[in-house]
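Order as written gives the chain letters A, B, C, D, E, F, G and H; numbering starts at 1 within each chain.
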Amino acid sequence: MAGGLADYADLDLDRSVRRGYPEAVFCAGKTPAQVRGIAAAVRTRPDVVTLFTRAGADHAAAIRAELPDARHDTDAALLAWPPSPPPPTGGLVVVAAAGTSDLPVAREAELTARYLGRPTELVVDVGVAGLHRILARLDLLRRARAVVVAAGMDGALPSVVAGLITAPVVALPTSVGYGAAFGGLAPLLAMLNACAPGVAVVNIDNGYGAGHLAAQIAADPAR
Amino acid sequence: MAGGLADYADLDLDRSVRRGYPEAVFCAGKTPAQVRGIAAAVRTRPDVVTLFTRAGADHAAAIRAELPDARHDTDAALLAWPPSPPPPTGGLVVVAAAGTSDLPVAREAELTARYLGRPTELVVDVGVAGLHRILARLDLLRRARAVVVAAGMDGALPSVVAGLITAPVVALPTSVGYGAAFGGLAPLLAMLNACAPGVAVVNIDNGYGAGHLAAQIAADPAR
Amino acid sequence: MAGGLADYADLDLDRSVRRGYPEAVFCAGKTPAQVRGIAAAVRTRPDVVTLFTRAGADHAAAIRAELPDARHDTDAALLAWPPSPPPPTGGLVVVAAAGTSDLPVAREAELTARYLGRPTELVVDVGVAGLHRILARLDLLRRARAVVVAAGMDGALPSVVAGLITAPVVALPTSVGYGAAFGGLAPLLAMLNACAPGVAVVNIDNGYGAGHLAAQIAADPAR
Amino acid sequence: MAGGLADYADLDLDRSVRRGYPEAVFCAGKTPAQVRGIAAAVRTRPDVVTLFTRAGADHAAAIRAELPDARHDTDAALLAWPPSPPPPTGGLVVVAAAGTSDLPVAREAELTARYLGRPTELVVDVGVAGLHRILARLDLLRRARAVVVAAGMDGALPSVVAGLITAPVVALPTSVGYGAAFGGLAPLLAMLNACAPGVAVVNIDNGYGAGHLAAQIAADPAR
Amino acid sequence: MAGGLADYADLDLDRSVRRGYPEAVFCAGKTPAQVRGIAAAVRTRPDVVTLFTRAGADHAAAIRAELPDARHDTDAALLAWPPSPPPPTGGLVVVAAAGTSDLPVAREAELTARYLGRPTELVVDVGVAGLHRILARLDLLRRARAVVVAAGMDGALPSVVAGLITAPVVALPTSVGYGAAFGGLAPLLAMLNACAPGVAVVNIDNGYGAGHLAAQIAADPAR
Amino acid sequence: MAGGLADYADLDLDRSVRRGYPEAVFCAGKTPAQVRGIAAAVRTRPDVVTLFTRAGADHAAAIRAELPDARHDTDAALLAWPPSPPPPTGGLVVVAAAGTSDLPVAREAELTARYLGRPTELVVDVGVAGLHRILARLDLLRRARAVVVAAGMDGALPSVVAGLITAPVVALPTSVGYGAAFGGLAPLLAMLNACAPGVAVVNIDNGYGAGHLAAQIAADPAR
Amino acid sequence: MAGGLADYADLDLDRSVRRGYPEAVFCAGKTPAQVRGIAAAVRTRPDVVTLFTRAGADHAAAIRAELPDARHDTDAALLAWPPSPPPPTGGLVVVAAAGTSDLPVAREAELTARYLGRPTELVVDVGVAGLHRILARLDLLRRARAVVVAAGMDGALPSVVAGLITAPVVALPTSVGYGAAFGGLAPLLAMLNACAPGVAVVNIDNGYGAGHLAAQIAADPAR
Amino acid sequence: MAGGLADYADLDLDRSVRRGYPEAVFCAGKTPAQVRGIAAAVRTRPDVVTLFTRAGADHAAAIRAELPDARHDTDAALLAWPPSPPPPTGGLVVVAAAGTSDLPVAREAELTARYLGRPTELVVDVGVAGLHRILARLDLLRRARAVVVAAGMDGALPSVVAGLITAPVVALPTSVGYGAAFGGLAPLLAMLNACAPGVAVVNIDNGYGAGHLAAQIAADPAR
């Protein structure tokens, strides 16, 4: 696609001021050249944290060509610039992953919340098939102001967690599972039908959205 | 529909002998006259237990016209004749209902298992939103040779139960829930994707099928 | 179904203490007799607010037989007892309904949040087909600590609102619309795919769940 | 497949005369050899504009072997011959893309409308998450006789645009988005349920169809 | 629901001026009392045509209590006030119904287009199972500036019509058909996949939307 | 709907001559008045057999007001006029119903084939849960030139029958079954995926279509 | 998988005698080694025609290693052995493909019918967007005893053909099309809902099944 | 992902003691490095059988680096360590595969049941298109205490088997088939709707789950 940045993107670098949170650049579906163009524009605004999500290897190289010190978490397929998150404010965000295979999106959620300014903790492999695992983390979960629960398969963990704590649960369905998980549809529906109230559902594998929502919930009200 | 029994049904009263379990008459979709015709034929074989499932008021009246002493459980929409179940053999079948609204199908499952010859127990309102409720029944659940778990909404209970016991869990999705339960699709998919192994799924609201399967699993091997 | 309360429900009146919010009684799927039994048990605990949701006329009469002074909002199909909500604490919850047909579930959400202790406001008929309507309410929306947005059809309103404010948006899809709304599936999917972050989705027509979640988000952190 | 053109295609080069618009050759699903055979036949009719859509690199090479001066837009995966569009007649067609990732299909729509004889304009990155972006283009949108709106994810932009202008909106859902977009199903349903009237929906990622429809709508009535 | 009009609707009677077409009142989902309140407000603005769509008998009575001379078309479940459509301007809108069962929505489309100011014609029972029927109407179809094609079942008629004429086709799927029509899903998908370009799809059974879109397309450009 | 027959139907009484089979009148979705109008027109052509399908009680009364001697099969919801089928020609059509609940559509299929001129036989309650039942009819099945197999639930019978005979099987899915039958979707999909070749699938509950197709297949080739 | 033929297949070479048609070997999902083992067994029975369907390049090489003179049609991904079809008997089978992209499955259907013993003809690019194309083949279509119609996208062609001829139409949906074709779902549903009777539907892209069914329908009754 | 085992997995090697069966490691979705870390931990507990399922070549190499003598079945994509299954106890588990393409998941089921301690037998290519094949195995099937039936396409085999034996059938749908099998959805639905009782359904292609469930059912009750 010929032409400059204005031909394919209308950056909104003041959004951080206007809405309180930085906008993220969703790399999947953009060409590396487009992403690089955006990265170049971003460079002029070090006061705003920018997240590049769903960044493949080509996207990452393009970003690093403009922002060499950007932090790149390959598991989460996420880059952040400036590389250090802001000092944490607000309440704790805990991210719980039901299984090891849920880790990439859980990690994307955790990093997003951290770069949006919250203190975070990540716990893994706490699915309901072994209840003792999640019960052992109850103290940590109850210290959180928002808990992100990533789960594929039956998507049962958010219901269980929401029944145990007072804070809202952000339910993050993942596309992990056998055939009838239908790419995350099964846990998505389970989470929408959680038998415990207090469950906020986001899109399948949308770790960024889950982390952003949790950061908003856990923000100090004065904000 | 004019004509006699042969015009609409091919009864298989020897099935009890051949396959070991009585056939059930699924009343929904049959006219009361057809059901009455079947009931009349059944009367000649008091040695075989016959179950009439999904029986509306009209069906029940038609059956009772031929089998006045048939037992009628209105909650489960089920009639049985002869009215008394056989003496129990085999292992215990426990039926657990996540919520009060799941009771009708849970009851259908329990009665089916009992009329097929198993000892049964029913526990209610043990959904995962309050884990203490199901944990309080753990001793009973662990005594069972098969546990039927009826749940709508998120369908999370079978995963949790299967993670706590050694016996197989028969997962019975119900059509209870808000919009995105889609008539039981949500718990059905959750149960098919149960993160704990040992979960046997049956059709939505199919209490008869769940009870039958549990009775087979809990039968003594010598059978 | 013969027998007493223990045969069909395991009430959890201490839940208010344990988890911080009262449990609700989902009436749809329960018989009036069952609901009445629960209401009778509730009467012994005036210190706990109890909500009865999805209550038809028969359910309401049964509840009122035990709790004559219960407040009954027929639009929202909801009863509350004791009749007065607690004094409001925490941040403001604003409930916005895209169209007049979305009012019943929007009202259920508002009343739930109010009975869980939050100050609430309700705005109506602010769908995106006439952007001036929602823009005229921007000041109110920006004062909220959580905004519930109820919409059927295209489910576009939550994306627009989330792009305008800092607080989280609880997106509440309704089953309002022509054929291809598929009973609320269309707005549900739209909300899960909201192009603005900060959108927490709940089940179709689940006003209770939306109000509960909003009340949790808007609670004072000290809680 | 051995044999000549008649074995796999029945070209309709008089269609331009009969129906008023040239037929397009949908390359996906055809072998490069088949496409080349069609290109050779096309060469005999320079009076008719022919569009080759969804052309991969192999298809493009095959077409260029016969029509070396064909215009190839790689973003839109489209080739046109003769290379220059006809002089514009009729009203303006504006194509608006919600996000950068929607650009390829938006571009396919714009080029189609232009090669069918309309004046066109393209605006990008005007999704509803930042309303100011689309509102800033209102003057341009209101000058159009038809507006194509390409959007993935929540598909909310067509509803908003249709509420702001008098001309018809051609809603073009794209397959851009996270899991629960289900390959474009989410924006497709949202657009079919647009709360503003005046929205004409076409198939997912069908930029050609959208551009063709817009060109017909914006044609001068005398045609 | 207690209170006045502002509690449930934000009427937009200037919309006719601002956007060029009157807003319609979608009655399904509103109470008769709400609809009556809207009708009372409408009475003050006889310069604006108002359409009440999907009006049941109760809605119609409520409307007539305020607007006794409103025109009521029971087949289309539509009321219009003032009762006479404006003098026709713009191009002809032809509405074609594939089968007799498609008539109610076809009629809703025709009346909508007429009350929005277009000359209209209606042809019936011209499904593709007997091609001679639609071919016999070819002259009329070719005189139209927009053709609405209502069809259930296979939804094949819009493809055929679009291949025969130059004007755009508004495809209106109906919920008519056997089981696998799935409430209109089958014709909806067929229309979205029409093999002829120039097909604009609207929602299932949405006669109002189809008529509105056709009226916009057939408007004189000067508008 | 005011007006005469031409306002809602374009009868095609010469279709019997042109295409070889009479057209049927699908009553569902038509008003009794419309159906009566069609019946009146039919009366002038006793040389053509007319079938009225999916006729409710109101439709039947309207038809009989014009065609008092029409044959009415209430099980199949079908009326035929003239009342006697033509003398049978061509090969035998056997209709097999898996269960008693499948009888209404099976009967519709049988009557349709008979009124289209084929000799027919009907066998019932031959589902695969008791293989001996269908195996006992093997001689009859092998005498047929076309076999219609009606089944709900798992839709397994057509696969089994097609594996046993040489003639084509017309698979007729019915909407009989528990929740996850999804109104006939389960047997429909099973039949489309029949592991034995020679299975022709028609729409859910479409007994008319199945009988018509079987009559065409079993017609003598000279026709 | 180690071991011989009995470990993975139970060949049924007498099926040709018993059921009248040879069994086909569906290669997709089998390893080349398995297919080669089957080919070796087939070599002993030259009196039976064997078809290998969905054969990739690896499968074809494995088959040819055992049956060097097998006929391989790469378009249809089909191999036949012995290489020559039997002398044709029975009525004509015409295969019509709506578009060029439908050719591979149309060709698979034609070859299957020919190897099962029928005379065949193939016509291409006769979709309903240009009705003159199919109307020009009417004489040929009316000479057929069975017509296979392959179509993707809107799946409209079978309805149109069935309305024009007396013989049964075998409708063969293909996975050709844009997004909302959903891999062939759209034409599949359209064909199941064909508004003309006489349409027999088979699975998506199942050219083998369509050709087999057509061959059975077009067989001489004496068979 | 940096860090040790605790960062991505919470192994539960006492599960074998607590629940009676070893936990399996689902490799798909885990990195080879993660799987290797788990394998290293497993090495310390040779008293517990560990299964690694869905192991690709990379996973297998990682496992073998730590557990060189692990048994690797490439067809089933499964590794077991220690390499020898325990001595068989309990009743016989028979695994029946409808077609050759169902073998990989059938083999996964058989190996799982064997490593969980049951005697097993595997029979192949016994689909219902040739009933004689399954009937020939009836003696073996009737000796089993649990039968796993793997089938794709129409999923009809479990219904047929369940009608012939007394033991429970574990129905294992596979993703084998043409388009409208929709990745295993068709056989899954068919199995959930099995017309014979006694069918326990597991997830699509979930051979591990089927084998585990069968092993539990066939365990000696004393367990």
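By our rule, contacts are C-beta pairs under 8 Å (C-beta built on N, C-alpha and C of every residue); 3 or more make two chains touch, one makes a residue touch a chain.
Not measured: the values here are computed from a predicted model.
Visitor: By label order, what chains touch chain B and chain G together?
Guide: F, H
Visitor: Which chain has its C-alpha centroid at the greatest distance from the C-alpha centroid of chain G?
Guide: C
Visitor: List the centre-to-centre spacing of chain F and chain G in whole Å, with centres computed as mean CA coordinates.
Guide: 27
Visitor: Report the inter-chain centroid distance for chain B and chain F in whole angstrom, where each centroid is the mean of the CA atoms.
Guide: A distance of 35 Å separates the two centres.
Visitor: Could you say which residues in chain A touch two or more other chains, in rising order?
Guide: Answer for chain A, listing residues that touch two or more other chains: 99, 130, 163-164, 177-178, 180-181, 185, 188, 192-193, 203-204, 209.
Visitor: Please list, in label order, each pair of chains that touches.
Guide: Every pair of chains in contact is listed here: A-B, A-C, A-D, A-H, B-C, B-F, B-H, C-D, C-E, D-E, D-G, E-F, E-G, F-G, F-H, G-H.
Visitor: Looking at the complex, which residues from chain C come into contact with chain A?
Guide: Where chain C meets chain A, its residues are 19-21, 24, 91, 145, 163-168, 170, 188, 192-193, 197-204, 208-209, 212-213, 216-217, 220-221, 223.
Visitor: Contact residues on chain A for chain B in the complex?
Guide: The contact residues of chain A facing chain B are 98-99, 127-131, 152-156, 159-160, 162-164, 177-178, 180-182, 185-187, 189-196.
Visitor: Along chain E, where are the residues that touch chain F in the complex?
Guide: 75, 99-101, 103, 107, 124-126, 130, 133, 176-181
Visitor: Spell out the part of chain A that touches chain D in their complex, as residue ranges.
Guide: Per the stated touch rule, the residues are 1, 7-10, 12, 15, 26, 28-30, 34, 173, 175, 183-185, 188, 203-206, 209.
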